[in-house]
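I am attaching a structure below and will ask some questions about it afterwards.
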Amino acid sequence: MSSRDTIWGTHKEAIEERLKAFHPDLEKYIASFAYETVYDRPGLDLKTKELLAIVMLVSLGNPQELKTHFRGVVAAGGTLQDIEEALLFAIPYLGFPRVIGAFEVLRSMKGFASSEP
Amino acid sequence: MSSRDTIWGTHKEAIEERLKAFHPDLEKYIASFAYETVYDRPGLDLKTKELLAIVMLVSLGNPQELKTHFRGVVAAGGTLQDIEEALLFAIPYLGFPRVIGAFEVLRSMKGFASSEP
Amino acid sequence: MSSRDTIWGTHKEAIEERLKAFHPDLEKYIASFAYETVYDRPGLDLKTKELLAIVMLVSLGNPQELKTHFRGVVAAGGTLQDIEEALLFAIPYLGFPRVIGAFEVLRSMKGFASSEP
Amino acid sequence: MSSRDTIWGTHKEAIEERLKAFHPDLEKYIASFAYETVYDRPGLDLKTKELLAIVMLVSLGNPQELKTHFRGVVAAGGTLQDIEEALLFAIPYLGFPRVIGAFEVLRSMKGFASSEP
Amino acid sequence: MSSRDTIWGTHKEAIEERLKAFHPDLEKYIASFAYETVYDRPGLDLKTKELLAIVMLVSLGNPQELKTHFRGVVAAGGTLQDIEEALLFAIPYLGFPRVIGAFEVLRSMKGFASSEP
Amino acid sequence: MSSRDTIWGTHKEAIEERLKAFHPDLEKYIASFAYETVYDRPGLDLKTKELLAIVMLVSLGNPQELKTHFRGVVAAGGTLQDIEEALLFAIPYLGFPRVIGAFEVLRSMKGFASSEP
């Protein structure tokens, strides 16, 4: 399965429609360059790639795409705890405010349970 | 072995001296908070943490610390190819200029061979 | 006509009121420095200036002002397609997430038709 | 009184609950490192620290924490005018869009009067 | 002539060698995606694209690529004055320090005369 | 004495020449807008303003101007320790790498003694 099919999962059609409505070529570039060219490179496993994606999105101020890639970690075989650990690990590099914002997005998502028992 | 001892390796004394000369408490906070508190958390393996560190440093404009964590990937059991893959993976998220700058730092380091055969 | 009158257009009074309510001197500095001093420089045509404004706002994470300057491109004689091209052009420099966010703002604006026929 | 008690004031319990729900260790690190280690250093007075916090949050794109530290300036003996002056001072360094966004947050807060008589 | 041939001009071979030494796929992606896919889109003229490139590079902290695109403006039919105007126009959006840094790069380049008579 | 005369001090002529060589209008805007309009506002004392300037420059990646404003803190009646405290205070907001870079600039400046006895 392509990395895009794995990450987008059951949201695939919705994400494609959203991006095409933004601009057909934007969707095309994301599919052909971001996913089929860069993401599909062998070398790093998909879970690692998704954790890298997450901390880069945190560095960019936690845009909407963060939700897609929180789901992507799990779709790639990772856990909620992996996500939490990546976010906490970002503190020394990016400071607290960016990381607090990322946890706010994470906890707003249905289907992702809290880390507390 | 602590994550700090692994990552800093044979450069440990030099890095400590540099940070202490900057400010004794800066060195202390990096040791006790960044490394002993955050880095030493279980959950993610050290190689993954170092790849996360690298893409965050790329997002920050490739400061000096990048060299320490290029070495850190290898010290944690990763390879030059892992570093290269993490940098190429950053392109769709951070754009080309940041990634070009990171490769410039990587290729300037002695002891890291080129990726070409 | 001053660049400010052209860009703010029929929204002029609303924008002025908003900025004055934020701080009277903020409105004054924007009028006298940003517009009358910098924007009104001869050299580049206003459409080009507005396209420059747009990609810089994208680099800053797509703040509210983006809407004003999407309208400004059109007020300066540009088209929706000019805006779309500037946003797509930003991908290699700033990465996909920033550009996706900008298209989201663009498509949320009434009076700006979709690029699709 | 600790700097954290002063800044969080009557919001203390709410902020602690929010951070703990994000991640218990996030709350712990903010309390023990950000506040008890860094904030509680002697040297700069708390009002100055809070003004520094504000312009750094503006540079990060005005995240939620900005509200806490607007209140923090006042809790530390500063005034609404001090906040406004710090925001206006940020213009030459960070540009207008970031500062406009910060005033938008400030004016949205109940209990902070407008600067106009 | 392709936009890449125009912009890279007589530096083409040197730039290609540098990028290939960084990573062969980095060079390939820049050629095929950044230039042949994005840059070669019709819609905006090349001079406008290069001015957009410049202000985005200023927003990223003036990396090395800035020099290539200063030359690119001229190669695309623009003038030194166009570059200077784009940089001055960036002040209200990005603040003075970024713009000062860009002028420093510009004035360090041989073959670009000062703006003063 | 104007804030500009105080901050630039004995470096005034050199800074003016440098900025004028970059672009005469850049120097003019910095003098008339940044200093005479924004800096010279009453409200905050000059030492506080310079500490604010420093942490914003740290957030921008420590450009050259940082040196001018390290000197500015002292010219405004502050001490080396004030500078060090402002830099350490930035850690929780901006992360370690930015702050390490700022200390590197500080320690490279002649005439600023180390913080160690």
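Letters A, B, C, D, E and F mark the chains in the order given here, with residues in each chain numbered from 1 onward.
Throughout what follows, a residue touches a chain if its C-beta (ideal position, glycine included) is under 8 Å from a C-beta of that chain, and two chains touch if they have at least 3 such contacts.
On a predicted model such as this, the values are computed, not experimentally measured, just so you know.
S.K.: So which chains count as neighbours of both chain A and chain B?
M.R.: C, D, E, F
S.K.: Among the other chains, which touch chain C and chain D together?
M.R.: Looking at chain D and chain C together, the chains touching each of them are A, B, E, F.
S.K.: Farthest chain from chain C, going by the mean of C-alpha atoms per chain?
M.R.: Result for max centroid distance from chain C is chain B.
S.K.: Using each chain's Cα centroid, which is most distant from the centroid of chain E?
M.R.: Measuring from the centre of chain E, the most distant chain centre belongs to D.
S.K.: Whole-Å distance, chain D centre to chain E centre, using C-alpha means?
M.R.: Here chain D and chain E have centroids separated by 38 Å.
S.K.: CA centre of chain C versus CA centre of chain F: separation in Å?
M.R.: About 31 Å, centre to centre.
S.K.: Using mean CA coordinates as chain centres, what's the chain B-chain E distance in Å?
M.R.: The separation of the two C-alpha centroids amounts to 29 Å.
S.K.: Specify, in ascending order, the residues of chain D that touch 2 or more different other chains.
M.R.: In chain D, residues 25, 29-30, 33-34, 38, 41, 57, 60-61, 84, 88, 91-97 touch at least two other chains, as defined above.
S.K.: Note which residues of chain D are touching chain C in the complex, please.
M.R.: Those in contact with chain C are residues 61, 84, 87-88, 91, 95-101, 103-104, 106-107, 114-116.
S.K.: Within their complex, state which residues of chain A touch chain F.
M.R.: These residues of chain A touch chain F: 91-97.
S.K.: Where on chain E is chain B touching in the complex?
M.R.: These residues of chain E touch chain B: 19-26, 29-30, 34, 57, 60-61, 63-65.
S.K.: Touching chain F in the complex: which residues of chain D?
M.R.: Listed in rising order, the residues are 30, 33-34, 38-39, 41, 43-44, 48-49, 51-53, 55-57, 59-60, 81-82, 84-86, 88-94.
S.K.: Give the list of chain C residues in touch with chain F in this complex.
M.R.: It is residues 25, 29, 33, 37-38, 41 of chain C that touch chain F.
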